[in-house]
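Structure provided below as structure tokens; questions to follow.
Every chain is named by a letter (A, B, C and D) in the order it is written, and numbering of its residues begins at 1.
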Amino acid sequence: MNFASDNTARIAAPILAALERANCGPAPAYGNDPLTAALEQRFSALFEREVAVFLVATGTAANALALAHLSPPWGAVFCHERAHIATDECGAPEFFGDGLKLVGLPGQDGKLAPAALSAALASGRGPPHAVRPALLSLTQATECGTVYTLAEIAALTDIARRARMAVHMDGARFANAVAALGCSPADITWRAGVDVLAFGATKGGALGAEAIVFFDPERARDMDMRRMRAGQLLSKHRFAAAQFDAFLADDLWLDLARHANGAARRLAAGLTAAGLAPLWPVEANEVFVRVPSGLDARLKAAGALYYAWPEALDADSPARPDSSVIRLVSSFTTTDEEVDNFIQLIRMPG
Amino acid sequence: MNFASDNTARIAAPILAALERANCGPAPAYGNDPLTAALEQRFSALFEREVAVFLVATGTAANALALAHLSPPWGAVFCHERAHIATDECGAPEFFGDGLKLVGLPGQDGKLAPAALSAALASGRGPPHAVRPALLSLTQATECGTVYTLAEIAALTDIARRARMAVHMDGARFANAVAALGCSPADITWRAGVDVLAFGATKGGALGAEAIVFFDPERARDMDMRRMRAGQLLSKHRFAAAQFDAFLADDLWLDLARHANGAARRLAAGLTAAGLAPLWPVEANEVFVRVPSGLDARLKAAGALYYAWPEALDADSPARPDSSVIRLVSSFTTTDEEVDNFIQLIRMPG
Amino acid sequence: MNFASDNTARIAAPILAALERANCGPAPAYGNDPLTAALEQRFSALFEREVAVFLVATGTAANALALAHLSPPWGAVFCHERAHIATDECGAPEFFGDGLKLVGLPGQDGKLAPAALSAALASGRGPPHAVRPALLSLTQATECGTVYTLAEIAALTDIARRARMAVHMDGARFANAVAALGCSPADITWRAGVDVLAFGATKGGALGAEAIVFFDPERARDMDMRRMRAGQLLSKHRFAAAQFDAFLADDLWLDLARHANGAARRLAAGLTAAGLAPLWPVEANEVFVRVPSGLDARLKAAGALYYAWPEALDADSPARPDSSVIRLVSSFTTTDEEVDNFIQLIRMPG
Amino acid sequence: MNFASDNTARIAAPILAALERANCGPAPAYGNDPLTAALEQRFSALFEREVAVFLVATGTAANALALAHLSPPWGAVFCHERAHIATDECGAPEFFGDGLKLVGLPGQDGKLAPAALSAALASGRGPPHAVRPALLSLTQATECGTVYTLAEIAALTDIARRARMAVHMDGARFANAVAALGCSPADITWRAGVDVLAFGATKGGALGAEAIVFFDPERARDMDMRRMRAGQLLSKHRFAAAQFDAFLADDLWLDLARHANGAARRLAAGLTAAGLAPLWPVEANEVFVRVPSGLDARLKAAGALYYAWPEALDADSPARPDSSVIRLVSSFTTTDEEVDNFIQLIRMPG
């Protein structure tokens, strides 16, 4: 019963197999190999337009490099106040961006509220005293396990566009979002106004591979230099390319995500039936639920693994002394049995 | 009727005279001159302990260098959400601090609320995902024209100390605060838990001189290197020292601040009598008041100079379509006549 | 006949096998897994003392993070003028180090000359005008395929110690150096005055795994924060640990390096016999040789892969119009047949 | 007999008078005042084209901000190995430039040699491994007291232009150079291929005022943001503008520089007559001469002030145990009497 995170999962079998296949004779280093070239074409096909792709080792690097590339150091990046880039990356966006400023904004269900964005843009002193609005960053799926609809994204990117800001999407769980929406990757990104996507494969089943996808290759100019000096140009690059290629081939990424999403829905249904309705709609592979302290202790004692969710500043769900909010994450490896065992534990008399 | 800012004022006569006196034969550059040595002694006497002092050209540099020196790049600096360092310095703290993170917190009357600080410290993921709480930054006098009492400062620095954070004070209007409180500079700084003070003379009457004061000289180690590479070591340093020396001599700084504070009180009284009570207590040299749009237009037409106050995100005083909040700043040059003319304008039938 | 670089090689079989073994059930992310714990113990055993180890994705990151951790932003890092950190990392040391300064110094055979280091330390204005000498960086094996002896390292680190500088070793090819010297890893590092080692496994046979090894764990304090914000904390960390563990187990790293070194010696012998003596002693897995333009063209036409060596600023070997210096790198995959075919090509009448 | 530096001098009388004149009623802060507007026009007139001007507090800031604005963080800035930006600014260019790289090149008489620049451009690995050549920085007058001729500048900027690099001029002693050449400021800057000039007034006679002059205003875009976040936007900006305005008015800057240059020539003549010929041509206001240790001690004992010149790495003049190279700097305040007294001291029997 491991619901700690989707990055506790192993490598998906087809991805490991791809690594093994790639492990033949010599290949040019630093991305000059045929596998990388093929992957770039696959990305362009997937997104139905020519894109510029840069693989890196971690999601934090993918986000931070993308933000740094589209914001000047004196830029403001607007994001949800619970966004991973704001709370979990130890200041990487500020570091890579030479001191750019993240501005966290509120919004229900982990979704940035258009009114909050508009209000933030309307306030503030002008240049050169205030930093300049440069980027809107959306997390898809969100940190609360919800998924922005196409209309919700378009409403936000429209505000950004009018303020001459670019749009970044943190897609650490992009696969879960696309699987949930059932839309095309193109529709939910550039057609909806997104300029750059940090597309994660690691949480979805890779060993470690993240892609920065620029939908306008012109905006990617010099990104090779930025990636290199950030220590993110992998020398045996073919193995990163092989992972991502296998992830995208034959819709593996969507199959794995559908599995994880399904496990989360099964969890949510079981919890609701047990009288513990999730805090936010369960649309991807994360479930948040408030559990009484006694139950929390009992679950842990039985070996269930998950994290408490920081809640002190959470307007949707203020902290209470006798209970806590927990986060349950499913992955492509989560089995029905694991879920059912967990629900059974919950339903057991305390 | 110029209430735009205290930095629109000229140089106070005794400070200009000091510049003229300092303009004699050659003197060693870069702070190795006798005037600078004397100033350092004066600072130590003023604060009743040995301090380490670094003069710089602007308040933004003073704040940003102080923060950078006491926070690692992965540190969080907690400040009021309206703090100058957060809203008006174009990301200087993040730049000088190699990407440190400012965390804006709410609080009435421009004063950071202890509960908000405690809540912020209690939330957040642990290291290495979340940045580490490193600094508390207090603005004295605040951006709202109020002044922290000794007890209020001690309550906040106590929380900081228990969380192993250092404490910075933005004293661009430190003189106004000390004049208002009538306390000793030592009491309101290091005796109340402050580690470093950005002590401004420019708004108070200098041409341009700001001091970074470390109350524990040991914590200032290498600050000379940091200042130099930031382009803030003035070559003809004696002229900055001369300004500050004259500012501090014979309590000039307090006399000038008392004058400015008095003008603000006169403004506040006149406004209140005219039915326009200030939004926040007028304790230093700034007055904030909501004025109907018609009056706003009339005042401007009559030549009154002041700025509108960004209010869109202001919980204390939400934006309204038919009025706006204006900021009136007095200085050592503000005359009773200016104030009275302004009040008279306000009382005129519209 | 691929002598382009050792990073064009595949993954060594035992390392791939270790990845496959590690690919079982869930494991804690971010290095909190048992494999990582075991690896840390293995490193301490290997170096005969408690060390602090941080795995990262690339050698550039390993070097840059290590340098940034031991130098203030106003520090000078002295290195050979041909050092990888100075010429091939696109400014990563300066980026990670918030603007620290690399100072390239001359020295024969790719080895920094003690006299050049002493001279550099003796020159320069004092603080705060000049940056402060903070680090000595040695590359072992060097960029010229030579290996510092213990005595050579000790002579340099002794100068560094007297100048209160720390010592970094770029060990992208540390395995080749240790294999060549036949000494213990402890002797050639901390016992010889090295404070931090960037220990590479990628060129030696891994998919991608580099270790930053601090010989005094106290100096590694907060390195977890620095690594995280640099986007170098791998979420599925167990797979990096598994690679390095297999690399170190049963002296695999030395066996692979010995193979590569042997291939280089075979190359050198063949070249010398053909009248093309290498430019510098062949002590590790790189061979540098000047070839006439005609031969160069013929080799390439026959499918031999290698890079030209930038030589314009090279005092040891000034550029000539009718020839060029080429670099031949062997790896654990280089076969005798490959080498012999290459030598045969060279000996063929032009 | 103070020849320590031209920044030990006082404020020139017409500049102090301008400060006094500017010290009247209120004026808009942050450069929105009439004096600043007038100064901008004066600069455009002086340079015979529309320029964009940004005043800052120090020469280090002027240089570092200019370099940072015209080089990406992954850029290389080529300069003379003795350039102030490389040796005396404590890493400010790297700090402001987010880690850009300075590449010091040799050249006689403090002048960068075209062949050295060409060689440096021809070497190096390509992108993304090597940093990209971005800027050429020339110091005029040089650190050795010499002055580039128009032809020398054009030869270097021509190489830069062909390599798509921009050109920066460190003009801390620009006045001395223009006075020496007797040319127009336009001829020696943009007409000769210079893109940005750091034009110093402080050494020439101001209290503290330095100008960054962009000859193509388009390239200055966002410089206001960069200056602000660097803590270099002076709030009482009118006083910086007043200084520079007086400096430029009625050719004061050239008159003061001619005086300083004349004093240096008088020094050089006296030294030469005494058998101590200067090391490099004396073309501006600095004289470098090797003096026996005994004389050095005697001069100091007699109260002469000057600095030793770091020479350990100096190919033109290698260090010798029984003598040292000293630097003598004259300023607008240097009197014939001071010079003659100094020469007399030298000629006295030891």
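Here, a contact is a pair of C-beta atoms (placed from the backbone, for glycine too) under 8 Å apart; a residue touches a chain by one contact, two chains touch by 3 or more.
Model, not experiment: these values are computed from the prediction.
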| item | value |
| --- | --- |
| Between A-B and B-D, the pair joined by more C-beta contacts | B-D |
| Chain separated most widely from chain C, comparing mean CA positions | B |
| Distance between the centres, which are taken as Cα means, of chain C and chain B, whole angstrom | 50 |
| Centre-to-centre distance between chain D and chain B (centres being mean Cα positions), rounded to whole Å | 34 |
| Gap in Å, rounded to a whole number, between the CA centres of chain B and chain A | 40 |
| Residues of chain B whose C-beta touches two or more other chains | 73-74, 89-91, 95-96, 98-99, 127-129, 131, 225, 228-229, 233 |
| Parts of chain D lying in touch with chain A, wherever the complex brings them together | 72-74, 98-99, 127-129, 131-132, 222, 224-229, 233 |
| Residue ranges of chain D touching chain B (in the complex, touch as defined) | 2, 4-5, 7-11, 16, 19-20, 23-30, 56-62, 64-65, 89-92, 95-96, 202-203, 207-208, 225, 228-236, 239-240, 305, 333 |
| Footprint of chain A on chain B - complex, ascending | 73-74, 87-91, 94-102, 119-120, 122-125, 127-131, 310-313 |
